[in-house]
Every structure is written in C-alpha cells, then in structure tokens.
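The structure appears below as structure tokens.
A, B, C, D, E, F, G and H label the chains in the order they appear, each numbered from 1.
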C-alpha cells in the first residue's frame, strides 16, 4: 500500500502521474491533499492512519517552501519519497532545496522536480525488495522502455530526421 | 514575551545575537532548542505553551531544509520571524528559500541569512506597535547607530584610510 | 491602519491581493505608488505622514534592485514588510535578495516572491498582538483554510483524480 | 545487505558515515570504490554481483558531474540512493543536480549534499518495510534523537546560553 | 565520420542542427537515439561500433541529469562533445553542470546550452586538424558569417532601426 | 557623440531603447551591429573610427558569453557601458556575469539585464559632466519621471485599485 | 573631484583600492562612510554637498541588500558607480543583483564584485571625456599594464613554469 | 603542437596541470600569459603565430568575465579548449558561463572549472584522431587509471575504511 500526499490540489496534474504508474503495476494506493502549513493536524492524522493501515511507502509532493515531505518524514519511520513541484517564480529550485536538504536523522528520498513518475517507480522498487513478482514486473518495465527507445531509433533511422520530426514530434 | 527557537544547538552562536538584543531592550524572552524534524511533538508543545503564556512573537532559526519557522507558523497565528542559518554546502540559500517561500495563508517574516539581530529588532518593532516605551527605545537605538556611523566617518576623516585600517580593522 | 506602498503601478495586480485580505479582515489601509529611485522625496513624505496618522505597519512591494522596503525601513521604526515582485529576467531572485539581505540594525520582514497575500496576513498578525478581535478572526481564517483543504480532499476522494482534474483544475 | 559505492576514495570521509550508521543498526554491508567514468566495467560488474548476492539497496556517492548513482540505477532495478558530494568549486550544487534530475523511468533516491548518514537511514527504512526488528530499531533511534535534543534543551535552560556556548560549542 | 547521439527523441529538434551543419560541410555522419539510463547496453554497443567503423568524433546531447556524454566518454578515448539540452524546470543549468563538471581523466568538450550547431562546428574543427580541405571550408564559413553581419549592419544603416525591426525582425 | 554597438541584430528590439533616449535628449549617436566573435576585425575598426570621430561614450549590448563590451573596453580608454541581453536559457544571468565580472584594469559600466534605456541615461550623465545644458535636461527628465509617478498615484487614489487595473493595466 | 562612499567601514579594505588608483592618477577625491539604511539623512546631505562642491562622479560600495549606490543615484543626476562588496553568505551575488538591476530611469554603473579598482578607472575614464591630460594618462596606464603582462610572459618563458611558480607565486 | 594560454600568471598553478599531462604524453607544447583585456594585440599576435607554426590545438584558461577562450576562438578556426578558472567571489560560475555560452558559429570546447588536466587530455584526444601512437597512449592511460582505482579498492577492502582513511587520506 502506498499513500500519495500533495500539499495542494494544484499539484494534482503532476502527482497523478505517480498514481498512473502504481495502477499500471497493480500496486494499491490512495491519494489525498494535505497541507503541512494549512492542515498540520490532518497531515499527522493521515500519517498515523497510514501506519495503522500497513502502508509501506509515502510519496509527498509539494512546492515552494515545500515542507510536506519533511514533516511527514518527521512523523514516521516509513520511507518517504519527496517530489519537488515546479514553481512559477523559482522554477522548483526552492521546492528541491526545501525537500532534499534534510538534516541528519530524518531522510527524504528526493526525486527530480516534477518527477512524480519516478517517485512511484522508486516506491515500487522499495516494495519489490520483499516482493518478487513486483521485482519481475520492474525488470519487464525496464525492458519495455529499452524496446521503445530502440523502436524510436529504428524509426528515426528509416525515416531520416526530417520526416521523423514532421510526423512524430510536431504535435 | 518573545520565544526564540532554534533547530539545533549548533545555531546558538548565531541565535544568541537575538537574545542579546532583546536583553539590551529589556524585553523578556526565553530560548530553547526544538527540531521540526527530530522533535515535532516538542515543537507543538512549545508553541502551545508559548500561546498560553502570552508570548507575542516567536523567532525561529533553522538551516538547510529549514522547516522550523514554517512548522511553527502552521501551529499558531502569532507573528513568526524566520532566521535562515548559513549552511556549509549552499551557504544558506537553501535555508532562505525553505523559509521565505511559504504558501499563501501562512506567512513567515523572513530576515537575512544569519540575521538573528534583525529578527530581535523586528520582534521589538512588532511589540512596539502597542508599547510606546519600546517604540521610543527603538528610535533611540536608531539614533545611536547613526551616531556610531558618524563617529566612524569622523575618525576616518581625521586619520586617513591607512591609519584607520591599521588601527580599527586589522584584527 | 496599514500603508501599502509599491514601487510601480505595474506591481498593482500583485499588491492588490494585500488590499483584498485587509478588506476581508476589516483592517483600514491605504495604498499608493512611490518609487524609492524615481521619487525619494515622496517616499520620505509618505512615511512621515504614515507615522503621523498612526499607521502601525507598512507593506512595501518592489522588483529588481528592490530598494523600496529597505528605504522605508530606514525612515521609520514601524514594522516594514517587504514583498519581492517577480521580475521578467531573474524571476524575482534579484528582488528577494535585494529585500531580505538587509544589514544588522534595519530589519525588513520579507515574504515570498509575489507573496502580497501573506504580507497582509503578517500585518494582521502584528496588529493582532494587541487586538483580540483581530486575533480571533485570524484563527477563524485558519480554520476556514483548513476546511477548504478538507473539502477538496473529500471531493478528490469522491470523484477520483480524473474527474477532479477535469472539473476543478481544467480552467 | 547494502552496497556502498563511491566514485573516488576522496569521498570516503563522507561515505564512511553511511557505514557507521549501518554498523550501529547491525545491517550487513560492504563498501568499495568504483568510478562511473574511469571504471565503467567495474561498476557494471559490482552491480551484477550485488544483485547475485542478494543485496537489497545500493548507496552511491559522487561529486561534480556525479553520474555514479544514475549509472548504477540504469544497471539494476534495486533501489539506488544517491549522495551528492560537496565539491570545491560549486559546493555540491553540480553533484546534486547531476544526481536528482534523473529522467522518467530511472529514479535515484537523492539525499542532501554530503548526507551519507541519511542515505544509510533511508536504506534501513527500506529494509525495514519487510523487517520488523529493523523497523523497531528505527523507532528507537528516533526516540534517542528526540531525547538528545531534549537533554540539550534542558542543559541550555540550566546553564544559560553563555555557559552552554562556552562549554559545549567552543572547540 | 561523426556519430550524433541523443538521450531522447525529444532532443531531435535541437540536435538536428548538428546534422545540418555536418551536411553543409559534406562531413559524413549518422545520428541515433540512445539513453544512458534506459539503454546502457545500447550506448555501449553504439560506441564500440563507432570505434570499429572509424568514427572520429562523437557528439552527445542530453538534458537534466545529463549523463550520456560522460558515459560515452567513459567508453571511448575518441573526443566526445556534449550538448546540454535546455530543460523545462532548470532551463538547462542542470544539463550543463551534469556534462561539464567531469572528473579529471575523462574530458567532455562541452558547448552552450542547446548549442548543437557549435558541437558540429567543433567536430569539424577537430577533423580539420588533419584535413586541409575541411580546414579551408571552415575558414570560408567564418568569412560568410562575417559578411552576413556586415550585410545586416549595412541594411540597418540604410534603413534605420525602425524600418529594420519592422521588416527583418517582426516575424 | 555616442556609439551603440550590439552583438546581433536580434538585440535590436532592446538596444533601440538606448537610441530612443538619446534622440529624446538630442544627443548625436550612431548604431550598428558587430559581433566580438564573428567579426573581431570589424569591432576593432569601429572602435578606432569611433575614437577618431570624437565619440565620447560607447554602449555595447550582448547576450550569452557576452564578450562584446569587454572586447570594446580592451580596445579603448573611452567609457564603455555594457547591456546584458536576456537569453532564452539562462535569462541573462550568463550575459550579466560575462559583462560585469571584468578583471582589474579594464572596467565596463554594467547596467541591468535588458537595461538599454539606462545605458543611454548613463551615457548622457557622463556627457553631462562637461555639458551644462545636458545636465539641466537630465534634471528635467528626473522631474518628469517624478511627476508621472505622482500622476499615477493620484489616479490610483481617485479611481481605486479595481478601476485602475481595469483601465490602465489590462492591456 | 570624486566622492567615494561606502556603506560600512568594513568595506574600507576593498574601497581603499579606488582611493589608491585616484591618487596614482592625481585625481582629487574624498572618501567617507554613510549607510543608506542607518544614516539616510547623512547620505542625502553628502550627495547634496558633493553636487555643491562640483563633484563629478560618485563611487558607492555596499554589500548584501546593497542599496547605497541606488539611493545615491536617486538623489543626483551625476554618474554613480556601484561596487558590489563580497558578502560572507552569498559571496556578493546579493550585492551585485541589488546594485545592477536598477529600474529604467535611474542607472548605476556597476563594476565587478569587489571591483573598487575598476570603479576608480571608470571614474577617471568619465572625467577624461573632458580632460585630455587624464585621457593621456589612462592610455599610458594601459600601456604599463600591457608591458607588465609581457614582462611576466617573458619571465615565464625564461624560467619555465616550475621556477616561475616557485619564485613568483609561492607566497 | 599545443599552445597553452592563460589570462593571468595567477592561473599558472591550475594551468600547469595541462602542461604536465602534455609532457607525460610527449606532446610538444608552449605556454604563455596573454590577457584578452589587457593585451588584445598580444593575443592576436600569438594566435597568428600559433597558426603559422602549425599548432593544432589551443588551450585557454581564464577567470571571471573570462573572454580569452572566446576571443581566441574568434581569431582562429583551430579547436579551442576553454578552462574556466575558479574565482574568489562566484567560485568560477562566472568563468564557466562566460566561456561555455558562446554564440552559434564560434565554439569553445569547455571543460570543468579548474579542469586543466582534462583540457590537455582533450587536446591529446583531438591530436589522436590522426595519430595512432597517441591514440594508443590514451588507451593505456585509461587502463592505468582503471588499475589505480582497483588498487585503491583492494587496499580499502584489505585495510577497512578506518585504517584507509588514517593512512591514505589523513594528509
């Protein structure tokens, strides 16, 4: 079970990518909004409930002074994955530094700015350390990715770059 | 009454400057260590106690993914002043962005990196909005600062820059 | 009474959010344009008038080499709140550093880039240190915010993320 | 079993902190040097061997154009934790961005610059998702940390900040 | 012979500029997609094949945690030219630092963010160190560039800036 | 006489603002394109001609690795004013640092990113050190600016911010 | 006549380099301390006196939220040269942006971080636009610089780099 | 034949590393000082002489507004390798951007900040495109590097990290 938290519903278009990956792998998850600043009690309650339910990994996305992942990590010893959301003024550099620069003792596993897809893949890799079926699915996923790159390369080779750009990249 | 919090005792050499300014102005304060990440319950308890005691302003210093000021601000409607502590790797830019870029709804009054002295002066200016004696003391403090600059300027004028550097800046 | 200053009328679409919050709380304010660089005398006159009128807090927004908040702070011992305005080239990092990195002695309470709403909430928190009605209103405002987050969370839970994004986030 | 890799033996004074934490928790690990750039074959061999041995998590530290964690992540579906090492010119901002900004598909769980201690704690939290004894130890570790903060706070309270700085921070 | 690699087909609109320059100079090249992270084996195979075919220079473009140029450089002693691709969040600063900050021993010749045209010109300059015809063509190319600047200057001089902007810059 | 140089005709929409200010003040000027990198000889010739014609100030705008102002400054002892042009990837931070960080011995008077208007005003201030009519015009220009700010402030005061934004800022 | 201002006497070890250059060229100057924030009236008085005395150029150095050069520029139409002073936390990036990013209408001629020597040379170049003797001296100064470089090159050529480093660079 | 240029003799402790690598490979080189700003004519003369002598590659190191590599690249069609020198205020970020962000048409092959060793290795890789003996030496150099890493790894394995740090890293 994975819990996906986000600091604001405006983060949903990014964070839904985590949900989509988990669905693709058949990993049960639930997803909700909880602000570290506007609803500290709600965050605490959700983390305690998550532990009680047997949730294994928490993914938390936030932007700006992005405290949600760190606040969650302070409340649990479960692995917490932080997704820095791109911001309009500082492009997510603020979110990234607010999430990754945690003090010794309380880690947050940070992924790229807007990297919700990788947050889900990391959660799956964590679950896969004790779930062989999931571990196998992850390997298959990698192979699919590889094949897609190779298909693109072949297509590019066959068509030449002008036709490729025309047909596959121009919207 | 002012509460001075800091995320780690290693912040004390900076944060003590806030205490010294408050002492100079005769403003009662108390100062303690509480980490938003290592001791979230302690932070919550301290903030609730502060409100109960009639504390008017909270100063919070922290470095890195500096969540303490924002976490405190989430727990109270008292004015919260954040002091970004200089860090060894990113020089406090991480601390600054983690403190200042708060989302709409929960402000933190941020001062300069390592600016504990100004945090105290800001706390005093806040208290002075309803305390005329303090307001007068603040004006006197400004006048003293002005005089000190003018004394330095006079000394520089009298001595010339070589002697001034030799006598007043070299160590 | 709160004075809202801004360096240019182009800052108005951001700074008006401070006015809207103050109106919502019933806090009297007045708002005008005054450039630290183009109209230094006007800034000085406005600050002196503000003190004479019994203004308690000054909010000042500016962009680029954003000197207005610091210049105002140099002219008064009232609490001054600085709003760094996002700029077209450096996205407001220039504004932020120009406002927050004040020297010891003259603090500016800095909020997030474009954080005019928080500037007003901070001004209210300052006034609330000696105004119980305002203090109560601030607490209610927080509760409202909390409820809004919870309503969104419930809606997201009921609809699922696809319908939520479709209906509430797509323009 | 945890594998700790580092790009250069000059990273050892930082990376050993990961080893120390793992030792403290009684988690078996092995640690070696392997450069993504100077010894790509060695990296590949080590990752394959790690999988064969049943290693569950790989910690990789590197500085500058810090490719080691990403290169390892490309070679395995095990969870990979990246430690950006502080650099002399850009202070580790280069290391951080080179590690955290991974493309969709291949996550690296990134911790703070020089955050080797947290890398180990994160590895332990991952192992603890299927090891209750470890999970309990993690909770105890948190409690110890909490107590240490409270002891420091008490000492600061008893001694006052001057004596505290004198006795516990000077030197 | 020049090999142009890119980490993703989304880099093609930038990287094709390298192809166009090579075509203009009549330098044989081939271009394909290969991700350092998704297809490490493919990268290795391509580099080995390139060496076997007598390729003299490899151009590699990548964005974000842009490891492709460094990974290629680790696999060959041929000169490798890295093109940092502009990214949506950090504008290519992440790509630039991930490519240019290589450790001693394994150089990557880095050009500007999105500088694929210059990557090709640099490849040609390298080939021209042992190919006089190419060296002559490079000199002619420079002269053409010079003439174009002078023609623009003359046109600007004749038309005045208003008409010039109207006719030549307004789309 | 003022010479306005720019590294590329794409800088013209910014640099023309310098021309417009000089025209407004009746200061003779000429403006042309010359790239430090593509046309080093042309730059040298133009600087020598400028000196021969009695040009007093040179304004040079350039973007990216913006060497034009520094290269011009190396060729003349006339005051050289540098205008960093905003770039698409690094927003002009590259241009700014390339222009302002000149070594001891060869100064470039640097203005804001895209600050061509201020470059012209600075050129006029320089000429005005020995031209009283120009000095007077500069003072009048300042007074005009002041009046415009005051007119805006009055309008804002009369209309209220909603009507002001509606009528004067909405496109 | 040149006025050298600095925001704090701690800037003197840098700003004295401007004085030394002016002395070397025989340009009369006076130098004093005046803080834009601590002594706004003093700054205004000094600028007015400077104009009355016939001062032609003002050099102003400041660090952090470095408002002094901009505040001076707002008070006069004389050319103002700003020297960003290196700061302990952000290394002078804050000073640089606070000085260079001035709004349209009020230019500050900005030099490199700690570039006081170049500030003086720029002041001299400005004065030299109407002073042929100074213009000649500037040209001679350049020639001296050139000769020094050539002497060093010759020495390096004669001694080889090992002996050169040993004898001329080691302490 | 390789020419090593540097903007100042203070760059020699870094740039000598390029000389040492070239010596180790038996590649003839000469090294001198020439400032793009202080001695533009000298730079031009040296580049013309280098071409006349049959120099194949030019390495140029510079710091701050580091124009030397770009200025050299503008004067020749030989491959030019730029070494950004670390600076005291901005740590070489200014040097890096001034060198790498060259406009289309005039490439500079940029290496890491202070990366003189890699500049030499890149020069050798360029020469090796038409020199099989050099190509072989490069491969051997790589193998040596690999062996050194493996020796260190073995030593670390044998001694354990405590003894390794004690004996090989503690000065």
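Here is the rule we go by: contacts are C-beta pairs under 8 Å (C-beta built on N, C-alpha and C of every residue); 3 or more make two chains touch, one makes a residue touch a chain.
Bear in mind the structure is a predicted one, so any value in this text is a computation, not a measurement.
In this assembly, the chain whose C-alpha centre lies farthest from subunit H is C. Chain pairs E-F and E-H differ in how many C-beta pairs they share in contact, with the greater number at E-H.
Subunit H has its Cα centroid 33 Å from the Cα centroid of subunit D. If you average the Cα atoms of subunit D and of subunit E, the two centres end up 36 Å apart. Mean C-alpha positions place subunit B and subunit F at a centre distance of 40 Å. Across the assembly, subunit C contributes residues 35, 38, 64-65, 89-91, 93, 100-103, 105-106, 108, 112-113, 142, 145 that each touch 2 or more other chains. All chain pairs in contact, by the document's touch criterion: A-B, A-C, A-D, A-E, B-C, B-D, B-G, C-F, C-G, D-E, D-H, E-F, E-H, F-G, F-H, G-H. Across the complex, subunit B is touched by residues 56-57, 77-79, 81, 96, 100-113, 115, 117-119, 121-122, 125-130, 135, 138-139, 142, 145 of subunit C.
For subunit H in complex with subunit G, the residues that touch the partner chain are 9-10, 12-13, 16, 19, 31-35, 38-39, 41-42, 64-65, 88-91. Contacts from subunit F toward subunit H in the complex involve residues 7-8, 35-38, 40, 63-67, 70-71, 73-75, 87, 89-90, 93-94, 97-103, 105-106, 108. Looking at the complex, you find that subunit H touches subunit D at residues 86, 91-93, 112-114, 142, 145-146, 149-150, 152-153, 156-157, 161-162, 164-165, 168-169.
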